[in-house]
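Residue numbering begins at 1 within each chain, and the chains themselves are lettered A, B and C in the order written.
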Amino acid sequence: MDASRPLAPAVGGDEVAAARSRALAFLVRRDRYRLAEGLPWIAAIAAFFIFPNQMILGGQTLIMILFALSLDLILGYAGIVTLGHAAYFGLGAYAAALLITDLHWSEPFSGLACAAVVAAIGGFFSGLILLRYRGLALLVLTLSTTIMLQQFGNLFRDFTGGYDGIPGITIAPLFGRFHYDLYGHTYYLYCLGVLFVASFVVRRIVYSPFGQALVGIRENDARMHALGSPVHWRLVVAYTISAAVAGVAGALFAQTNTLVTLGVFDFDQSAAVLMMLILGGAGWLYGGFVGATLYMVLQNELAKLSPEFWQFGIGALLIAVVLANRHRLFGRFARRVRALGFGAKP
Amino acid sequence: MPPVANTIVSILFDGLAWAMFLFIMSVGLSVTMGLMGVVNLAHGAFAMAGGYLVITATAKWGVPFLPSLLITFVAVGLVSVLLERSLYSQLYGASELDQVLLTIGLTFMVIAIYTYFYGPQPQSIRVPSYLLGELHLGDRSFPTYRVFLIVVGAALVAVLWYGFEGTKIGAMIRAAVDNRRMAQSVGINVDRLFTMTFAVGSGLAALGGGLASQLLGLTPSFAVIYLVFFLLVVAVGGSGSVWGTLAGALVLGISDTAGKYLFADAGSFVIYAVAVLILLVRPAGLYGRE
Amino acid sequence: MTAPALEIEKLQRSFGALTVANNISFALPRGGRYALIGPNGAGKTTLVNLITGRLRASAGKVLLEGDDLTALSQAARTRRGIARTFQVNQLFRGLTVLENVYLAIGERTNACNRLWRSAGKETAVLDEALDHLESLALVDDADKPVRELPYGRQRLVEIAIALAQRPKLLLLDEPAAGVPSSESHLILDVISRLDPDITVLIIEHDMDLVFRFASRIIVLVAGEVLTEGSPDEISADERVRSVYLGERREDRHG
């Protein structure tokens, strides 16, 4: 590289080094653990002690957070919009369920691993074909394939239990020692542990050069092709990982709910996780935490009044969030979040 | 008539009726999407509202069925103008995701409101007696109401054909769908055109809802249950195209009916399989561009 | 004799009845400075798209240093050593200048295949990125989002990304386009200092730039090569004059 005649006036070696390290500061320090990142975990543990009677809701919320986190990778970071993410949640749920009821293997962590593998396989093959599409075509393709998956599940109802589902999914005690109570305490801590590990993994991926490439694909797909990026392969990998994480969430659901039905594939599920992620904000890793908690708590409270109340409320909230984003009302908050180094710039 | 031919006739007839319903419901959505690039998932809510208005008009106000359909077309069309000016206009240029979410949110709100006032039980319309019963053609009989639906659909196709190909406004709409900026630069007021198209499209959805209640039953969830099919029709046909919507509706409507006739419950996957196959080969739809 | 950096053989591209590239053939020896000129709509950007693979040819061949790239995708051709800038900047506007260049290097070196290591720990990539930024005096802007830079400096980032790909062949599509005249010297300076080992093809309308920069000029009109030659030959060519005379008159009247 010919740098013999620099454009800028000559500067001393120290100043050059200082300018260089200043330039790098953002990127180099981006993935350092910040104090604020401990908040979700502190809150989750606090909830355990403050709301001991709400631990079943708590567990379901943690599962939804994990599900939303999986979607954040492909939607928030890679910018791919789909309407069928429930497919992988469902595949994981059924894999975990059948491992216990058909293969009689009830160790919980192997159930998660099995679910992750099955969902990843589903994600890999569907991603291979579908990720060549975008826009309305992709929305309809993902929506349709998930519905068909659900219908095939019903076709083989001897195997899957059809819409009645598979009951009696009981997992063995955690680590052979911790049993499960009726209040969901052990389940909650189990889900929290899994969520913690999954967050750690996703966080590393997001801050890696691969994660940077995903953001590049989201920001300017044409440019990435012109940089020689194997865009389709990057997306397939991200989608497969996203599916695996969604599958783990599904497995947790099956294990803690003890019943799995084909309802896990419902469009409502894909729509709900999408809403949760957007409510909290996509593309900064913790949007799922905020959004899913907000959604689940609101649902719990408002549905007590009436189902219509909840439906009206969540609809209004969605409209408010979208409009607020359009008018950049969250701009200042978003900028401060970025300044803390959370996630890539949206 | 030999049994195979009989089945084919049944499939074609029922498929055609279903396709006409899909067409009436989806054509507004397609043109709206093609004209302004707005994915309006609340389209089903307009249909549902239309259905309820027809029920209220015929049951409570004693308005006959056919005029009620006209009233619902006009009334919902007008209401949609208000919504367009206040809410949808903020979506122009927004990302697809934003549009999907905002219109889903709107749909939920509308469903909640209607559930509150009408309750979740299915409602049916008192349809005039001349539309009930069966028509006899040769040795076959066809339900009159479905014939009526096909006739209305065909009439609508004719009206739209004339409207799009034969009038100045139709030409302007086609120009604006093709290239909005160019249309604006030759003086076409695209915004007003869109409001008008949106109103007609929503009115048609309401009309479809009113027509369909007799066949499908009406609950507030109507807004989302059939939304999937409208999206399929628009995507398969190609957004922005009336002919595309017709083609999509026919292909999907008839294959759906065929699937259910031939495979019973298992046949409900056929419509999705056909949609997926078509989109894999032609992602922009049958009549879509780029 | 070594194979030319770029060789185009009977390149053809049609959209139905419309032919945008008709039987184009030429060869660019290595290390040279070349210009592609022609009136608006002649198909210059289309030709660049055909060379880089953004557009698939209907017929013909594209050879890079003797290797036939015609069957390869855009990304594959890039990895073989073709880099381009776009007429309108194609940058990652929401990302910082450093992240933009980082991506170019990361993709080239396959660092972007790594999903466990932190991006900030790829010191080789970071050092190289800074080197590129230094040579273009962009270091002070490194952590600014690209969209906050004035257009002229954004155009520099566009060039920085192309250079960060360490190409054998560099295609610059109207590099000075849209840059205010107060900033255009930045671009021109960079172009004049480009590594002599890189073969450079510029699309330009600015004739001063073209005559100063290029040793060989190809004239494209209506999708076909009208002629090619040295700057002297081209400026003396009557056909070229008549093709441009009409255009210049239009320019004068705005």
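For this structure, a couple of remarks:
What we mean here is this: a residue touches a chain if its C-beta (ideal position, glycine included) is under 8 Å from a C-beta of that chain, and two chains touch if they have at least 3 such contacts.
In this text the structure is predicted, and so the values were computed from the model without any measurement.
The chains that touch both chain A and chain B are none; no such chain exists.
Ranked by how close its mean Cα position lies to the mean of all protein Cα atoms, the top chain is A. Farthest chain from chain C, judged by C-alpha centroids: B.
Centroids built from CA atoms put chain B at 34 Å from chain A. With each centre defined as the average position of its C-alpha atoms, the distance from chain A to chain C rounds to 40 Å. Measuring from the averaged C-alpha position of chain B to that of chain C gives a distance of 48 Å. The set of chain B residues touching two or more other chains is empty. Residue numbers of chain A whose C-beta contacts span two or more other chains: none are found. Looking at chain C, one finds that none of its residues touch two or more other chains. The residues of chain A lying in touch with chain C in their complex are 1-8, 16, 19-20, 22-31, 204-205, 207-213, 215-216, 219-220, 222-231, 234, 237, 344-346. Partner chain B is touched in their complex by these residues of chain A: 75, 81, 129, 133, 135-137, 139-141, 143-145, 147-148, 151-152, 154-155, 267, 271, 274-275, 278, 306-312, 314-319, 321-323, 325-326. For chain B in complex with chain A, the touching residues are 33, 39, 87, 90-91, 94, 96-98, 100-102, 104-113, 115-116, 228, 231-232, 234-236, 239, 265-266, 268-269, 272-273, 275-276, 279-280, 283-285. Here chain C touches chain A in the complex through residues 52, 54, 73-76, 78-79, 83-84, 86, 90-96, 98-99, 102-104, 106-108, 111-122, 125-126, 130-137, 139-140, 142-143, 145, 161, 163, 165, 186, 189-190, 193-196, going by the rule given at the top.
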